[in-house]
Structure formats: structure tokens, C-alpha cells
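The same chain A turns up in both complexes below, where it pairs with chain B and then with chain C.
== the complex of A and B ==
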């Protein structure tokens, strides 16, 4: 599977994320000869433990999330970032979780937007919105380098692409930038050969950073 | 959802049963070596206490594969009583090898574990039917599969299952029931938790199958 980086939009201090930035990013992709290929969508669920006695709180993770990726419609990925755990499962695992009734999905988010082909790169730019809401909470960007599956081998060419992207986007005078989170896949038991589990982990890290650094949004 | 029946057979008759199944199923048998871990939620976790099974297929190459399984309650009522097989909810999902660690982190503890060793046949006969014949083994120490010993020496368990849906479970149940009649000379199959013991004439049936060299056409 090709190596993918997942970046997120980090607004400058005092700025907010908005649909305008998403539109600018999309136009930027087209301006560097990106060919629009269609839409993409992913879904992320934050799970919370269900406790019979609220006063008695066993030591349970607060960062348990599940994600359904656009590239893997029959699969589902669980990540517990604090424990460095990532699990790939069939999509039917969601039914099992419902039957167990030990954890419930309390917050669900969609990632959706457009996909572009740029030579050997595939770019996806998308907004982050809560389910049943149109309020944009963030913007993510996936950069995929199709010829290479090795995380290390792809690093240099990915860095160069991101540099070109930053340069192209800087001409639009937006107050913020796309940020790549450096993470050690090895801590999650993942190797150099890229897999959808690597993508799941990146989304978990990106969401953690987004929650910590992005200000609450204005509509639109 | 699945239809399921099970029964017990003396180990000495398993070879005869295998010959019978080979003739009936028309497929190659598959080795079965599954480490089954049953996990239960810690106190206070969940609306109700919950249980989940993790199955590790030790015979897969290049490395063992894992499945998570949730078995639900059996269908009840007059309709269920009239069906000779158990119909129950069952959901499975393949998972990557970290699943056990994940469930431990989520507040699930190991309740018990078993090692099932034997063989299975998977075939199509008006339904997708699976028959497994295995010894059930317990471990003296946690996860010590190499030291597993039979729970009931001299006896093995036969399980027949077939996936079903709310729309077709009657037909699937009939297919399973019909198939089980062929096994009646050697093993009596019934709903789980309703024990009927071994077949008293199994020895004679086994002798007949074995002396025939396995060439009996059924």
C-alpha cells in the first residue's frame, strides 16, 4: 500500500478554521495541476465506557476511538493512543461493540472532501465536521505517494512535496498552515511497510493535536 | 445469526466419524487447532456484564489469525421449541493480533481459555455447513497451550454450525437437521446445553465404517 501522510490545518493564533480555507486548499491543488477525481469520506467515533455506577470509575482509556477509512470500506480500525494500540478489524466489529454495550460512541465526526491526482501523488483535502452538523471543526489533508510502500524510503519525496505545497499555499495568504505530525510507528507495533493501520494511527494523533490546538469554530 | 447443534463422541470412534464425514461432505478435511479465550467485562463496566470470545487459529500460515466472536441469546418461544437446532445471534470479525491487548485495556479480563484440537469440514448442502470434531483442552497455566490437557479424556465434541439470517433460518435449520441424521449412527446432535450422551450403538457403526475401508457410498 502506498505511503500516506495525514496533515491537519493549524490556524495561526487568534484565527479560526473555516470553509474558505478548505476552498483555498482545493483551488491550490488545482493550481498545481491536480486533477479532481471525486469525493472521499471517512468517519471517526470516540467511544466512552458505560458505567453502571458513575461514582466507581475503573481505570479505563479516555482516548478509545474507531475509524472507518475511505480506502477500506469493509474494515474498521480501533486506536487507543495512550496505550499505543491499533487494531484492524472487519466492519462487523462495530455490531459486536453495540452488542457488548460496554462502550458507546459519544462523538462522531466525518472527514469529507475532494481527491486529486498530481502525478505520482494523490491528495485528499477534507473538512472535519461532527455528524448531524455543518460546523467545520478542522481541515485534514492526506498526501499519498503511490510508487512507494516503505515509510522511510518515501520520507524525502514526501517532505519535498509538502514543501512545494506550502509554497503554493503561501501565495494565498491564509492565516495558518498544514502540519505533519512526526510519529513513531514502531511504538504502535507497526513496521516500515505502510498499511491502513498506519493511517488510523495518524488520524488518531491528528485528532488529538486538532483538539488541543484548534479553537472552537465559527459556522461556515 | 447461526444454527448450531452439538454432541459428544468417544475418541475411539472419531476415526470412523471422519470417514463418514469425508464421504458425506465431499471436501478435504481441515486441521483445527484453535485457542479460544473468553473475556468478561470488569465489574461496573457496561449496561450489563458482557462476554466476548477471541479465537486464535494456530494453524494459519505464516502466523496465527485472530477472530472476535460474540454469541448472543438463543431464539425462544414456541417457534424455537419446534426447531431441533439452536438458532442464536452470532457476530464474528477478523481482527489483527493486538485485539487481546486492546480488550484487556478496555476493561475485559480473561475468564477462561481452551484449546480445541481436531478437524473440520466446511461444505455446501442447502446451507453453508461446518462440522468440527475436536478434543477440548484446558491449560494448567495461563496461555500455556503446549501444556494443555483434555478436559474430558476419551471424549470429543462434535459441533455443526451454519450461518443464517432472520429470513432464512428455517431453511438453514432444516438443512442442518437433515444432515445430522446421517451422523446419527455415531453421534447424537442436539441443541447445546441439552446433553444426550453418546450413541450406545456407536461401536457397531464405527466397526462397520472402519471394516469397509472407508469406501461406503452414502
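== the complex of A and C ==
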């Protein structure tokens, strides 16, 4: 599977996230000869356990995350970042959890946006929106380098691409920038060959950063 | 609209002439009609002149001082005769034109025999039978020039791509002479005896020089099996399943051919894990003469993975194109060292995703021609095969390469 980096938008101090940034990013992709390919979407859920006694169990993890990825429609991925766990499951697990009433989703988020092809690179830019709401919580960007699937070998290529992207975006004088997170896939038991689990882990970390730094906006 | 008429003309030549010359090609009919119209124009001019003379004669008769009535009468009679002749000529030409379908009433309303709407007088005053003829003639002339220009451009482009060393006459000659001399030195062994004429020798030499590259040899059939059994990009499901199917189908072919081709190596695969897979084919099988090479992603698999195939990814596609040029260069020496040089050069791509361009210092750059962001796809090849290691193979982007004019 091609190597993918997940970046998120970090607004400058005091400024907010808006759809304008999404449009600017889309135009930027086109300015470096990107070809629009269509839309993409994914969903993310934070789960909390449903227990008979509602007392707080301190040892149960609070960051239990489930994510569906656009590339893998038949799978669902669970990540517990604090314990460095990532698991792949069938997409029907969501139905099972609902029927068993074992876990309940406390926060649901949608990712949706556009996809661009830039030669051997594939770019996806999308907004993060809570379900049943129009306000944007953040913006994510996926960069994929299609020819190779080794995380190490692709590192330099991805770094330079992100630099080129930053350069192109800086011409638009937006109040913020896309940030890449430094990851250690080894901690999660993942190897050099890229897999959807790697994407899941990146999203979990991106979400943690986003929640910590971004303030919600009423009108996107 | 005029091009539509031209099309109709080409498609309906037979409708034009109903009485004679049905089988004549449209150009001949056009020529005939042009001729007749010219004749008609001359006759009309004659009639005009004749009319002038008649007026002159009448003028003379009204002025008896300048001439006698006799001469004017003669004049009038003469003019009358010639006028009648002219008008008769005009009538016959007109009839001929009508017969050939040029002058018909229906022509004005709807495209008929030749589908021509003909303004006889062009905006600049020139009298032309068919307005589109001028356009056609102009177009024919212009397109001939354009076609020649395009052909010349295509030829020089291809020459530059595949035989760049031919361009630079003086400079390359001296360099190639030096290389020819050094290649023969290689054959007879300078420091250590090295014969790059046999495959095992080449293989062992490469293993020493570039240990990260896996060099494997195959017969043609076994390469096909291997190509089909490689996991295709993105899907890791059941490669053993795929290879089982291929074994079943090819076992039928085996019986007769296997005995012949069993020992003949026809395909060499160079695999650098996670970077690239290159396929070189030898022609004839069992020799050390390469005839084509192609690069692929290490994750690609399928029957299109052969030395004349193309990768699904732009970076490997571009390298493959560059590789054909380099192969021609090595073959051009004719010293039998082409295979070794080529394989050595291919191994220099181990650094494809890590070695920045020697000119601009960056790994990625926007390639102007293809409008794609690519790593350096060119590797210097003129110093091979004498290089002690592959560091002399400098990396360049397509646009930064000194070879590019």
C-alpha cells in the first residue's frame, strides 16, 4: 500500500478554522498541476463503554477511537493511542457493538473533501465536521506517494513534497499552516511496510492534536 | 460551412456530370468548369468590346463629317457579325456549364451536385470559380509546409532522445574514442582480470559492487510465471494462488519448449527492495546482448512486467524512457560490454529516492515537460563501466541534466 502522511491544519494564535482555507488548499493543489479526482469521506467515533454500574472506572481508556477509512470500505480500525494499540476489524463490527450495547459513540466526526492527483502523488484535503453540525472543527490533509510502500524510503520524498506544498500555500498568506506529526510506528507494533493501520494511527494522533489546539467555530 | 462542402464534393463526385464525363474525377471536372468559365469571361469581355465598337460606329454615323456612311455601315455589319458569334459562343459555353451542373438554378437554393455555393467575385475583386478552391489551394500549400515542419521536429526530437551522442559531433567523438580504448582494456583486464562477456562473471561482479541489488536470471517462460505471481500493487491476496494457476496453464506449453529453452537465460531482473524492479531482456536468449529494459515499482505485478512494458507510475515510466537512450549509447560502442554497463547503470538507481540532484540540490522538482513533481530520473552514464563505485553516477532531474539541450 502506498505510503501516506496525514497532516492537519494548525491555525495561528487567535485565528480560527474556516472553509476558506479548504478552498485555498484546493486552488493550491491545482496550481501545482493537480487534477481533481472527486470527493472522499471517512468517519471517526470516540467510544465509551456502557457498563452496568455507571461509576468511573479509572483504568478504562478514554481515548478509544474507531475510524473508517476511504481506501478500505470493508474495514474498520480501532486505536487506543495511550496504550499504543491498533486493530483492524470488519466494517460490520459497528453493527455488532450497537446490538451488544457494549460501547457507545460519544463523539462522531465526518471527514469529507476533495481528492487530487499530482503525478505520482495523491492529495486529499478535507474538513472535520461533527455529525449533526455544520461547524468545522479542523482541516486534514492526506498525502500519498503511490510508487513505493516503504515508510523509510519514502521519507525524504514526502518531506520535500510537503516543503513544496508549504511554499505554494505560503503565497496565499493564510493564517496558519499544515503540520506533520512525528510518528514512531514501531511503538504501535507496525513495520516499515505501510498498511491501513499506519493511517489509523496517524489519524488518532492528529485528532489528539486537533482537539487540544483548535477551537470550534459556529459558522464554517 | 466550406469544409462541409468540400466533404460533400469528395463524397458525391458522380452526381456532378449527368451527360458526359460521369467517371471523371472531381478535380478534372473542376478544371474543365474553370476552363469554361474562363472562356465565358473572355467571351463576355469580347462582347463588351464589341458593344463599344457598335456604339462607336453609331456615333460615327451621327457625325457624317468624320467618316462616310459606307464605312460606318461596314463597321456595323462587322460588329454585328462578331457580336452574334460571341453571343453564340457564350450560349454554348453556358450550355456546357449547365450540363456539367455548374450553373443551375437549384444550386443557389440547396447543395446539389457538388454542393457548391459560388460567389464568382471574391471580396478582393478576384474572379474565382469556386471560393473554396482558393482556400483549398492555400490550405494545401500551408499544410505541406506545416507537415514538413512537424515531421522534421518529430525526427529531431526522437534523434535527440534516443541518440543524443550523435548530436555533438566533435566533443563526443573524442570521448567515445577514449571509451573504446578503455573498454578493450577492461576486456583484457587492468588490475584484476575481469571478463564481462559471460553472465555468471557479470553477476558475481555486481554482487560485489552493489550488494543491495538482487540480480536474478530467468528463461522467458519462467519470467512470465514470476511476473504473474508477484503481488500487484495494493493487493496482497493469495500470490500462491495466482502462481498455482499460472503453473497449470503453462505446464501444457512446457512439454516441447522446455527442453529447448531450459538453459537459455533471456531475462535479467534487478530488484532493490522498496525502491525498484528493473527487467532486462537478452536477445538472443543465452547471449549477453541486451535489447530492452524497463523499470517498475517494487509493488507492481502482472503480465505487463516485462522489458518492453511500462509501469503504472510516472517516475518509473520516465526512467524507462531514459534507460532506452542509455542502452543505445552502450550498444553503440559495439564492444560487447553493453550488458555489464547497463546493469551497473541500473544499480545506480538504488538511490532513486534519496540522492538529490547534483545541479539544484533538491530531491523533488517540477518537471516542465510533463508538469509532474519527480525525483532525479537521470543518472550520468558516460563514465561507466570503468567506475570503481557508483558514486560517479550523478543524479539529475530531467530539466537539470547537462545532456538536455
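Here is the rule we go by: the second predicted complex is superposed on the first by the 217 of 220 C-alpha atoms of A that agree within 3 Å, B and C clash if a C-alpha of one lies under 4 Å from a C-alpha of the other, contacts with A are read in each partner's own complex, and residues count from 1 in each chain.
Rule of thumb we're sticking to: contacts are C-beta pairs under 8 Å (C-beta built on N, C-alpha and C of every residue); 3 or more make two chains touch, one makes a residue touch a chain.
Please read all numbers here as calculations on a predicted model, not as lab measurements.
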Partner chain(s) touched by A:89 [first = chain B, second = chain C, both, neither]: first
First, second, both or neither for A:156, with chain B first and chain C second: second
Contacts of A:80 with chain B and chain C, given as first, second, both or neither: first
Touched partner set for A:167, first chain B, second chain C, both or neither: neither
Which superposed partner A:1 touches (first chain B, second chain C, both, neither): second
Partner, of chain C and chain B, that touches more residues belonging to chain A: B
Touching partner for A:37 - first (chain B), second (chain C), both, neither: neither
First, second, both or neither for A:134, with chain B first and chain C second: neither
For the chain C and chain A complex, residues of the former touching the latter: 233-234, 273-275, 297-299, 311, 313-316, 353-354, 362-364, 366, 370-375
Chain A-touching residues of chain B, taken from the complex the two chains share: 41-48, 50, 52, 68, 70, 72, 89, 91-96, 98-99, 101-102, 105-108
Chain B contact footprint on chain A (complex, rising order): 49-53, 56, 58, 60-61, 64, 78, 80, 83, 85-93, 95-96, 99-103, 189, 197
Complex contacts: residues of chain A adjacent to chain C: 1-2, 32-33, 118-121, 146-150, 152-154, 156-157, 160-161, 164, 192
